[in-house]
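Lettered A, B, C and D in written order, each chain numbered from 1.
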Amino acid sequence: MAIQNREGYIESLRRQKPKVFMAGERVENIADNAMFRGGINSVAVAYDAVNDPKYKDLATANSPLTKQVISRWNHIVENEQDAIAKVKLLRAMGNYLVPCSYRCITADILNTAWFISYEIDKKYNTSYHQRVVGAIRDVQMKDSVVGGALVDPKGDRSLRPSKQVDPDMYLHIVERRSDGIVVRGAKAHSTAAPYTNMLFVMPVSRPLSDDEKDYAVGFFTPVDTEGITFICRPPAIPLEPKELEEPYSSRFAGHVEAMVIFDDVFIPWERVFMAGENEFTGPMMDAFASFHMMSKCGCRPASIDLAIGATALIADYNGTEMASHIRECLTDMIMTAEITYSCGLAAAVQGVRHDSGVYIPKGMPGYTGKVFAAKKLGEDRYFMQEVSGALVATMASEKDYRNPETGKYLEKYYKGREGVPTEHRMRAFKLIEDLTASPYAGWYHGMAITGGGTPQALRMGVLVDYDLEESKRKAKIAAGIG
Amino acid sequence: MAIQNREGYIESLRRQKPKVFMAGERVENIADNAMFRGGINSVAVAYDAVNDPKYKDLATANSPLTKQVISRWNHIVENEQDAIAKVKLLRAMGNYLVPCSYRCITADILNTAWFISYEIDKKYNTSYHQRVVGAIRDVQMKDSVVGGALVDPKGDRSLRPSKQVDPDMYLHIVERRSDGIVVRGAKAHSTAAPYTNMLFVMPVSRPLSDDEKDYAVGFFTPVDTEGITFICRPPAIPLEPKELEEPYSSRFAGHVEAMVIFDDVFIPWERVFMAGENEFTGPMMDAFASFHMMSKCGCRPASIDLAIGATALIADYNGTEMASHIRECLTDMIMTAEITYSCGLAAAVQGVRHDSGVYIPKGMPGYTGKVFAAKKLGEDRYFMQEVSGALVATMASEKDYRNPETGKYLEKYYKGREGVPTEHRMRAFKLIEDLTASPYAGWYHGMAITGGGTPQALRMGVLVDYDLEESKRKAKIAAGIG
Amino acid sequence: MAIQNREGYIESLRRQKPKVFMAGERVENIADNAMFRGGINSVAVAYDAVNDPKYKDLATANSPLTKQVISRWNHIVENEQDAIAKVKLLRAMGNYLVPCSYRCITADILNTAWFISYEIDKKYNTSYHQRVVGAIRDVQMKDSVVGGALVDPKGDRSLRPSKQVDPDMYLHIVERRSDGIVVRGAKAHSTAAPYTNMLFVMPVSRPLSDDEKDYAVGFFTPVDTEGITFICRPPAIPLEPKELEEPYSSRFAGHVEAMVIFDDVFIPWERVFMAGENEFTGPMMDAFASFHMMSKCGCRPASIDLAIGATALIADYNGTEMASHIRECLTDMIMTAEITYSCGLAAAVQGVRHDSGVYIPKGMPGYTGKVFAAKKLGEDRYFMQEVSGALVATMASEKDYRNPETGKYLEKYYKGREGVPTEHRMRAFKLIEDLTASPYAGWYHGMAITGGGTPQALRMGVLVDYDLEESKRKAKIAAGIG
Amino acid sequence: MAIQNREGYIESLRRQKPKVFMAGERVENIADNAMFRGGINSVAVAYDAVNDPKYKDLATANSPLTKQVISRWNHIVENEQDAIAKVKLLRAMGNYLVPCSYRCITADILNTAWFISYEIDKKYNTSYHQRVVGAIRDVQMKDSVVGGALVDPKGDRSLRPSKQVDPDMYLHIVERRSDGIVVRGAKAHSTAAPYTNMLFVMPVSRPLSDDEKDYAVGFFTPVDTEGITFICRPPAIPLEPKELEEPYSSRFAGHVEAMVIFDDVFIPWERVFMAGENEFTGPMMDAFASFHMMSKCGCRPASIDLAIGATALIADYNGTEMASHIRECLTDMIMTAEITYSCGLAAAVQGVRHDSGVYIPKGMPGYTGKVFAAKKLGEDRYFMQEVSGALVATMASEKDYRNPETGKYLEKYYKGREGVPTEHRMRAFKLIEDLTASPYAGWYHGMAITGGGTPQALRMGVLVDYDLEESKRKAKIAAGIG
């Protein structure tokens, strides 16, 4: 049986002993730690979906590798229909309300490693691909969660990896042994990493020169490998779930972000899939971005759907749902969701099948959709607040509502249109606040803008992907230039 | 043989005798009239594409109706792949440089008539569908061009059709006979209509009440039917092709727009597919919009490709192609093209197959893409002019360049970077002028914004298509309501 | 001596005994309560500015009323130069770093009351104006802080005040006595109200019909008047100041928002300036909006200045300050600041002097600037996060940095360009987080969008203020009509 | 008498004999040439305004130089009120409907020359300033029109003036004689130059290095100086005025753009105000841009006023004036006009008085307003077309309307709401077409975007003008960075 469930996943976490710090303290048992609850639950709903008959078609796939029905989260995308299904699955996850189940990245990394290891082998006759295939088979059979470790700290961004004052600023090989390699450095911004089952560590996300081969390193390793330390940022959720305030983030949201330190970590060769082949870091990042931006174009509209619903709900409770300017706001938000989603589907439709059997989505539409949605997030929040009115930032607290001395006034004066209980209207306001003006909103803002690659990097990718010379050729004909 | 070519098409026009006026005069022979040359050529390239081996897969299809390979322009869309092919074909038409071959509307109207006649028959046991099928079979076999007549003059837009002071302001049935109907009224904005082979006339593009049944009328008829008059606006092209100025519009562009007058025109029953079934005008328009906006999401990016190419070309000639702000402009333009195209593909991917066998694209993404691209057109032109510099609006004329007394100065002072002939640079500027600041540019602007439906109408379509209640339901759960 | 200082202000708060609740509890001594610290300090810096020789010209004025040099915060604007000075003062307050000193509203309300009481007297021969003048003289002499209470709870926004199920949903007169009036209702969103010295209560912010005269009520009253209760929302600041995190909001920001309950409060006639003159609520709101939106166009750019500085700082520390796309982001932000500020100055330049002696700024430019800046806030935050990179949402906590076991890693891997201490770079990131992704950022977002009037209300004001008929007249001439 | 009128101006043109070419032919008498009619009339209305009692305060000023009342178009700005008056005058010119009277540039150039000649003299003890003052006195007394010649052809924009393959690509001194200098080169984009009375020629609009001193050359000279040739582009107006079509451009609009060739032109020293002082080209351009962008912020809103009026008019005639989405479009357009105008006023309010007595407006707000309005032009046109509907691009021609056979149909079917003659509605559509989709619209588009400096150049000016270090300093304090 290749499909795990939420309980099995959480149990797997208990068996792991990663070295984790948060807020100045060592955390021994993340599975039962309140600060990790939201993140672990977010991952767990991805298991729920796979086990939900309603999403069977979208959430599972037949693996040619294991000949079993597996979770789509671990599947190697084979064709256009697979890719479309993934985008649809990510939007459908919105029904579970978590803004990020994190597991899209599992698939995106596995697919990328599948592709790049094949390419390296083809050139160098190495045997990386079979190692990756073996790891993926294992992941598919256990239905594990794969964690990503992708982004280096970078230090001075105007300098190349090898020119940094501290050579460790980008993760690199410090020793090559007969049985494996020793790596040193760190990966920043590793969402959810401590509560995954295995890290897939990617090399630096930029082209490398020939004297930077040590920075071209990719491997997989258990999260509790000796020498790995996770320094975690507390998630943007309340420590204890609240009843009325922060209704969304206290129940559905909030990943832990981690910096992952590799302090001379030994990786045996059988877990290595890149070790010095510097010309492959560029193609690898392009492939990863193609997969991951397509995914983002699936999950972002799901969050916008919730924003749209919340906006319509508060307008309904305020008695203004039919006001023309509010319907214009809603329409603009819907168009933002549809454009983003369309970009995801277009990336899926226009992919190419690689020799290794993996189907790689087209990069440009996904990059475009991700940047578009990132830039529109501020506008969506403007609409949400404009439609709501000022109570988003000024409504009294839950405690005042529960205090009889003040609660009687709030019950009276926070009333909206007839037929809507005051508490419902308060909840709707607190939801908008949670989505636009809370610590969660802040975290999501960052994730939407810079998560998976900064807009500027993706914009450069768009320009590179586009066939500018072909368009110039047409312009010459149109201008009568011979 | 079901595939016609450019010559056969032009020959077919010579056999027709429509009553056509332009610029105050009767035009007897449109096939040889200079003002119609550009428009007829634009349609003709759609025939070229079908006969071009390079586009065979995109431009042809197997018709289940005729069991022949036919032009995709006459094909009833059967499935997702068909729909995707149509979007791709429309973008590929950009290689022929015409901004509008017009024939997408052929397909869009035929598909709509196929669907709506089936629906009416289902309810009323009428026999409209077989008439439409017969007409389409004929079109497919002859590879005819079908012209659309869709939009009523409307008069006072705040009033319903039946409340207009002049009852003819919307096309309607004035007499029902045993052998057919007599219609009166007009259709505005009928692009290319005089040089098509058959008109498909659609009913009013708004829901009708029960006392407005006479306005629910749809039929097809030859363009030279007694009582039909075309009043044509001269196209936005130079009367004689120029050598250096207006290089694009004088060779590739420029449809004739026509008002089509129906002055008590008799239509025999066998050409009628709607006559009083007022509840079907809404669904018909929705279906047509779904087809046609998907098409627009294919052709608009082709035009943007040309704009991108022209922008990159002038930057190249100015010696500024690598300047960072110019690359940002290009990237923004590319993203606009890709978003629009993505919306087209997403409409194709998310369609539904109707009982009648036609596959109807999803409306919302196409509407969104059309409005998005319309709103971005001004920005694209801003970028084109900003990148070019002021010569777009100030460059001297071709005649001054050819006059030796002034030409020597222009040759010297219009020179750009080394290696680019002055005339090439002048041509590149004249192309940008043609695309942003010419009569053609004005016509295209209008077509991009209001062609096929105003943005506001499409925005309302987006709001209607979106499942707002489902999103509100999710928001309630997120807020802990109920 | 008519100029108070921070100590005197805080002392004045200790002498007042308003009935204040926050987070479910009664607060007896707000002057020493940690949750009120930030708000009170924000008001206090406005006193600092007045006492700062550097701002003497901007921050003080000669009062014709008291013949003394007074604080500009209490001044009745007399002419264009006064109005310009106020806009400049508000931007200069940015040097004190508080996002809102609140005292602009003092002036805006006093000026409005001055104007409207004069107008009412002129029509009804009432004696409201002399009461207002007396109150203002008192405020000027004591240099008091006037609090605003402007916005009603509104209930069902599609219904007029008199049609609400609960007639108290808008503040109104419930009894008229020989010695005064009794009022009931509430005012929502009263920023800073509990720590002002006197409330100026404005009537409903919409036109009223003749059967709604009881809602046309304006008066001033001490904050500790019998029957008034303040229900306060905890400010968006950390309870205890932090060392490294939330560096901005824990020291400079964060007002308390209050709902002010009027539970049958008696107001003697000598404090009333409107009581039933319903036709004056519209003009009063227009005047208030004209004053207050001009103020907003002064303070908003000061906040944008800080955002610009923070963005340039993090780019500097990342080693990317000279990157072209970052300079484009900075330029866009600067243009947003300058446009907003220009609108404020334009409102000041284009005002009119009223018979009563007060100079009323032009509404339209101020409304425009406020809405423009509100809509751009999301874009500014996008730029800030894009330029920063993902650490804004993922950086570890202060406690981890102080823990030696993890701190050594953070010291090493959070290092930016050579020459910048790691802690400085961390502080710069924490500042961006504070400005874009914190509870404070959420509160400020709401204040920027809906504070002082929703964008849609202001947009309607723009359309009303503009002379549309005059422009239509010109268009007719241009079209050769008539 | 220092105030000229339209007749005197036109008479002055007849006395001049510039060497002018247009459309391949020499034009001997521009004052009576149809192609120059529109441009000359546009300048003439600026004389009308000065003689119109309604605009006396705005359009005239007291000259300290001549001790006479002079036209403001020739005035040296002395203070804030002068600057404000100029911005107001430019918007008021909208009442004459010409989009560009051109004479703002007269004032802007004179003021710039006044400033820069003073600065050069101060450093080098030259006597340029008195020459400029003399020329200005003469201009003021004769009320002449000064023409600008500012922009060099530039060739390869990636190369400096001295690195061009052709050294003449930027205007420069080829010989220095005892009695004067000889200059060679060209100035592009000189709007209206042939029908001015005197050219003020400015040096290259970029900083120059020390080996490029010959390019630092400024002088004034009559338009019919030996060696000067004007190569003119035909204006974007119909050759003969039309009755119904192009109602605006055929009567009010359309300047001639000229390339001005200097083929070894001798300039006596008494007309030279810069000859080799290369360090002053940067400051001069900054000053000119400050003056001229302030002017643009005055005239652009006047054009937007007409666009707003035309949009409201067509909505009125269509019966849709009260539709909510149309009112939103109008509001957006009004806000664009007000923002632009506010930037102009803000530039005027924030200027500084220079030692020489001229008051120089602040650059940043004017640059910002010009770029803002340029970027919004596309949006305004989108709104105009969206509100109008498709007839803008499809309406039949005037000739068809006058032909009885077709005219009867057009009279019937182009009817709008009751009470509006069909011809009025047609005229309103033709006006929108003229403003959005005509050759005139194309020319105006270019002028709005690149006229007086490209957006990117102005954006760089904004970044330079802004005190970024001061904002960074504040950010450091806010971040707690010592």
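What we mean here is this: contacts are C-beta pairs under 8 Å (C-beta built on N, C-alpha and C of every residue); 3 or more make two chains touch, one makes a residue touch a chain.
Keep in mind that what you see is a predicted model, and the values were worked out from it rather than measured.
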Touching chain A and also chain B, the following chains: C, D
A-D compared against C-D, more contacting pairs: C-D
Chain whose average C-alpha position is farthest from chain B's own: C
Where chain C and chain D are represented by their mean Cα positions, the distance between them in whole Å: 40
Centre-to-centre distance between chain D and chain A (centres being mean Cα positions), rounded to whole Å: 51
Multi-partner residues of chain A (at least 2 other chains): 325, 328, 459
Complex interface listing, chain B residues touching chain A: 84, 94-95, 97, 243-244, 247-248, 251-252, 305-306, 308-310, 312-313, 316, 327-328, 330-331, 334-335, 338-339, 341-343, 345-350, 364-365, 368-369, 371-372, 424, 427-428, 430-431, 459-460, 462-463, 466, 468, 470-482
Chain D partner contacts - residues on chain A that touch it in the complex: 324-325, 328
Chain B residues touching chain D - in the complex, by the definition given at the top: 21-26, 151, 153-159, 165-166, 168-169, 186, 188-189, 191, 229, 231-234, 257, 259, 261, 263, 318-320, 322-323, 325, 374-375, 377-379, 381-382, 385-386, 388-397, 399-400, 402-403, 405-406, 409-410, 412-418, 433, 436-439, 441-443, 445-447, 449-451, 454-456, 459
